[in-house]
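Common to both upcoming complexes is subunit A, partnered first by subunit B, then by subunit C.
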Partner chain A sequence: MAITSIRRFPATGKTRVAGSNALVVGAIAVLICLAVWEVGARGPLAGGPFPTVGAIAGGLVGLVGEATFWSSLGETLMTALVGLGLAVLSGVLLGVVLGSVDFVYRSTRLIIEVLKPIPPIVVMPLVLLLLGPTTEMGVFLVFYGCLWPVLIQTVAGVRDADPVLLDTARSFGFGRLQRAVRIVLPGAAAFIVTGVRIAGAAAFVIAVVSELVGGAPGIGRDLFVAQNAGLYAQMYALVFVMGVVGLAFNTGLGAFEKWMLHWHPSVRREVVA
Partner chain B sequence: MRTARRSESSNTGTARRSESSNTGTARRSESSSMRRRLRSFAIEFWLPVLIVVLWWVGSARADLVFYPPLAEILGRFQDLWLFDRFFTDVIPSLRNMLVGYALSCLVGVGLGVVVAQVRIARHALEPLVHFLRSIPPVALVPIAILVLGFGPEMKMTIIAFSAVFATLIATLDGVRAADPVLAEVTRVYRVSGRDRLFKVILPAAAPQILSGLQVSLQIAFVVMITSEMLASTEGIGYLTILAQQTFAITDMWAGMLLLGILGYLFNLLFTLAERRVLHWHIGMRSQAKTH
Partner chain C sequence: MMTGVMTEASIPEQTDQRLVIEELRKTYGTGAAAKVVLDGLNFDVRSGEFVCIVGPSGAGKTTLLKCLAGLLPPTSGASYLDGIQIDGPPEKLALVFQEYTRSLMPWLTVEKNVTLPLSNKGISKRERRTRAQEALEAVGLADVPSKYPWQLSGGMQQRVAIARALAYQPEVLMMDEPFASVDAQTRFELEDLTLRVREQFGITIVLVTHDIDEAVYLADRVVVLGSAPAQVREIIDVDVTSPRDQVKTKADPRFTELRSRVFELIRAR
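And now, the complex of A and B:
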């Protein structure tokens, strides 16, 4: 037993082989799923709500050829990124204030605790009433949803600042602002970037929600329209596009986190290992 | 994660402090700790109380169409959710959500534990799972409507399907990241399969599984609301969006209030349960933090 288990500690060369094996196995599994789908869509489920793989691919090609698709996609990405950007700006500013002034932190703690777990779709009816089915509505919802993770992480990072460093800076005559910029913010950077990654993963999802349910312009609304018009192939193609964009968004955020924190011990250790 | 750790350590800190002040015999320290507790209570609560009071007074005085008096909202809240609509809408919503979520927990953890042990299954499943997880969960609701119609089965299914991936991935990663030496040792000692699962694998992966379960819970909640807003004739989400579309502003506020309370409660209950399950782990974590 114990001897066989030694094989489970692979040499570096072996993991590379295992890595390419994993890719092959994954690709085969994807192909099998597509084949099952195709057989189902042609055979027992024909005429139902499952278009064939070919039809979905056709829908995808059709979409890619349309200018309106690209403007919709751009609209969605803009909504997500602008909302995220606003949330990061205000979350970090607010977080530094909340984190450095104990009285403010403790006064607002309960409010944040209560609002944090409430998803943006809950406040959407009100925002929809005030702003209508517009891009601004989507941006606001993204902002609202992304604010909490950034704010909470920033507060945690600021409160985690090394007191010895702060005292040293004070004794060297650093002012409040200088201390905030030179010591507190770099110290909190790891926390903040984690908050941005969490918020970023939510941004695209919230943008789609605001379009699909709230009717803001973007690929979410296109999906709703395609569903109501009975354009099933196009509908599946849109969902596929959303998956690809979501994957790209998350991968990009992961890379952003690594790039931002390349100097940070947690990332550097990962590289060494 | 980092914030969680922080709040936990500060919680234990306050607990210890109140303990020591309780055992203190000097009367003076007792009264001063009393005063201190009152003071911290006042600091924590003055702003929330002020906001509610301002909202109450302001909305009662100002005659704004979109911001009805808070007293009226609470009245509608009571009439709608506690009486008229309790059995016809609140219960179905909660049932769909809980059934869907329970399914996603079972499948996510079960499948995750099994697949994590079998390398080829893991390699086969991972790309698919990661892609499906990247699709915004609500985008699957239109497909679910198409395939399953508008009934409660559709809602339970789509809630379960959307929520399962977070748990599944967390379980896969958690089981895989468990200390490999642990696996070796259980094998050397020939620990039986069931013991290995319940006493070694699951506890080792529990922190990650639970954080996956928490994300799943949030997704389940959002998808519950979405599925009702997009396709329904019943449920809290349906009534809230209907009220918005028909300009029944007070009802809309009452709906938002209920959804907000539910969102908060679900999270609170989960956190309490998590703390119970992981009490051993939280202790270890705060120890590990010191070095």
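And now, the complex of A and C:
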């Protein structure tokens, strides 16, 4: 219940805005949502777990003043980033090997197809048993969840490598490893970066879930604590923070994608225009 | 050189022959699906010579060039570069493909594209830049080193590919239908550029084309291939005066005569 609402928040809260017009429209929509909330909180839903907008803002101000909040937020971001980083590193390395060696590709395809759809939350009990409610547990879950999109995208990108480019490199005496590093990898960049973006969007969510459900330290656990203690204003303030951070996270990844792929047809058209 | 069946170990006699192609056969696939593409080719290329290989589409020209460039092992027979059997990409050789959009790295600038193959040769960074500048100058692109290939026209991209091959300082330059995808005006320019480059760098050039005019215009000798399975129909000495000129050479009666001859050879059977 709580998980799904958090899951949805970064995705639907605010989609990427383009141009000032969309910004204005977006701002109006936000104001309407806040107004509806306020009316509900003061009227029919008063007294329930729905504090007023003012109360939530107060909770937010309180949070921001607390050192523990910042260390929790840092913990969550670290979990997400370290897990994502490890996933990208191993996903790309593994993907290049799987993608370039035909025999390995064909023999591992089924395994990957089976493992890919298993959500990280399902493996949590096992990981929790092994690592306990620790940061490592969270990092591992993020790693597990992020590995598949990166791996699958890398394999696709490697297999998409242009044979003319490869022949060109070979004719200039590039060996296997050199071709992998200097031709195949940059050529697969568009695929890989897309994988990283998908993984990145999941990384923050998984980090929060591992804390909320698994008890790893971070704002997810703070949310759980606030909810249990009935500190609703603080709870919603935390949800708001998650939304903002999730959005910032995805925006950062989007910018990274643009920077990495400035040469790629998907990006460069916008640059030229 | 004496013709006749040679044993595997025998090495062609030393002459000014740069490339020797002996009974070169290439079959794609095996068993019932086997398809013979090159059916026992014999010819040679002399040092400093410009040889054009002309044949209809699907004749096996690309296959032949890939075999000569060491990218594809022949099914039987062999080719030799300076007496050494080609069994992998030789260092003395550079290749220019038809598909310039696909043979340049879109993530690298023009200059980086040109210097990329040099990183392999143990050449200092400064030397690499100098070579890139010289090569880009030779193809008339001295002013675009920091542009990306996709910001250039097709003809300019192919110039970059040629510059990259030149910077590699090969002794033999092989080109696979390098001007087939550019407009006619650009093609003439690039043809003359190739002739100039050959004078300037003194390299041996093997150029594959389906364009008879182009073959006769550029070549010292034209190797005419029949349709698949390809065999050498004839090797024609192009005895028109050099330097070539797009207007004068093509108006030369001898040029017209040779062009008709090649046309008839290709059309035969």
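Note that the second predicted complex is superposed on the first by the 244 of 273 C-alpha atoms of A that agree within 3 Å, B and C clash if a C-alpha of one lies under 4 Å from a C-alpha of the other, contacts with A are read in each partner's own complex, and residues count from 1 in each chain.
What we mean here is this: a residue touches a chain if its C-beta (ideal position, glycine included) is under 8 Å from a C-beta of that chain, and two chains touch if they have at least 3 such contacts.
Note that the coordinates shown come from a computational prediction; the quantities given were computed from them, not determined experimentally.
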Query raised in the report: Is the arrangement of subunit B and subunit C around the shared subunit A a clash or a fit after superposition?
Result: fit
Query - More subunit A residues in contact [subunit B versus subunit C] - result: B
Requested in this report: Applying the touch criterion given at the start, work out whether A:128 contacts subunit B, subunit C, both or neither, answering first, second, both or neither.
Outcome: first
Report summary line: With chain A overlaid, the minimum CA to CA distance between subunit B and subunit C in angstrom is 7
Report summary line: Check: subunit A residues flagged as touching subunit B and also subunit C none
**Report entry** Contact set on subunit C toward subunit A in their complex
**Finding:** 66, 69-71, 89, 91, 93-95, 97, 99, 102-103, 105-108, 116-117, 120, 148, 150, 168
Query raised in the report: Taking the complex as given, what residues does subunit B use to touch subunit A?
Result: 1-3, 6, 40, 43-48, 51, 66, 120, 123-128, 130-132, 134-143, 145-147, 180, 183-184, 187-188, 190, 218, 221-222, 225-226, 229-230, 240-241, 243-244, 249, 252-253, 255-256, 259-260, 263-264, 266-268
Query - In the complex with subunit C, residue positions of subunit A that touch it - result: 162, 164-165, 167-168, 170-174, 178, 182-183, 186-187, 189, 263-265, 268
**Report entry** subunit B-touching residues of subunit A, taken from the complex the two chains share
**Finding:** 1-2, 5, 8-9, 21-22, 25-30, 33, 48-50, 103, 106-111, 114, 116-119, 121-123, 125-126, 128-130, 152-153, 155-157, 159-160, 191, 194, 204-205, 208-209, 212-213, 220, 223-224, 227, 232, 235-236, 238-239, 242-244, 246-247, 249-250
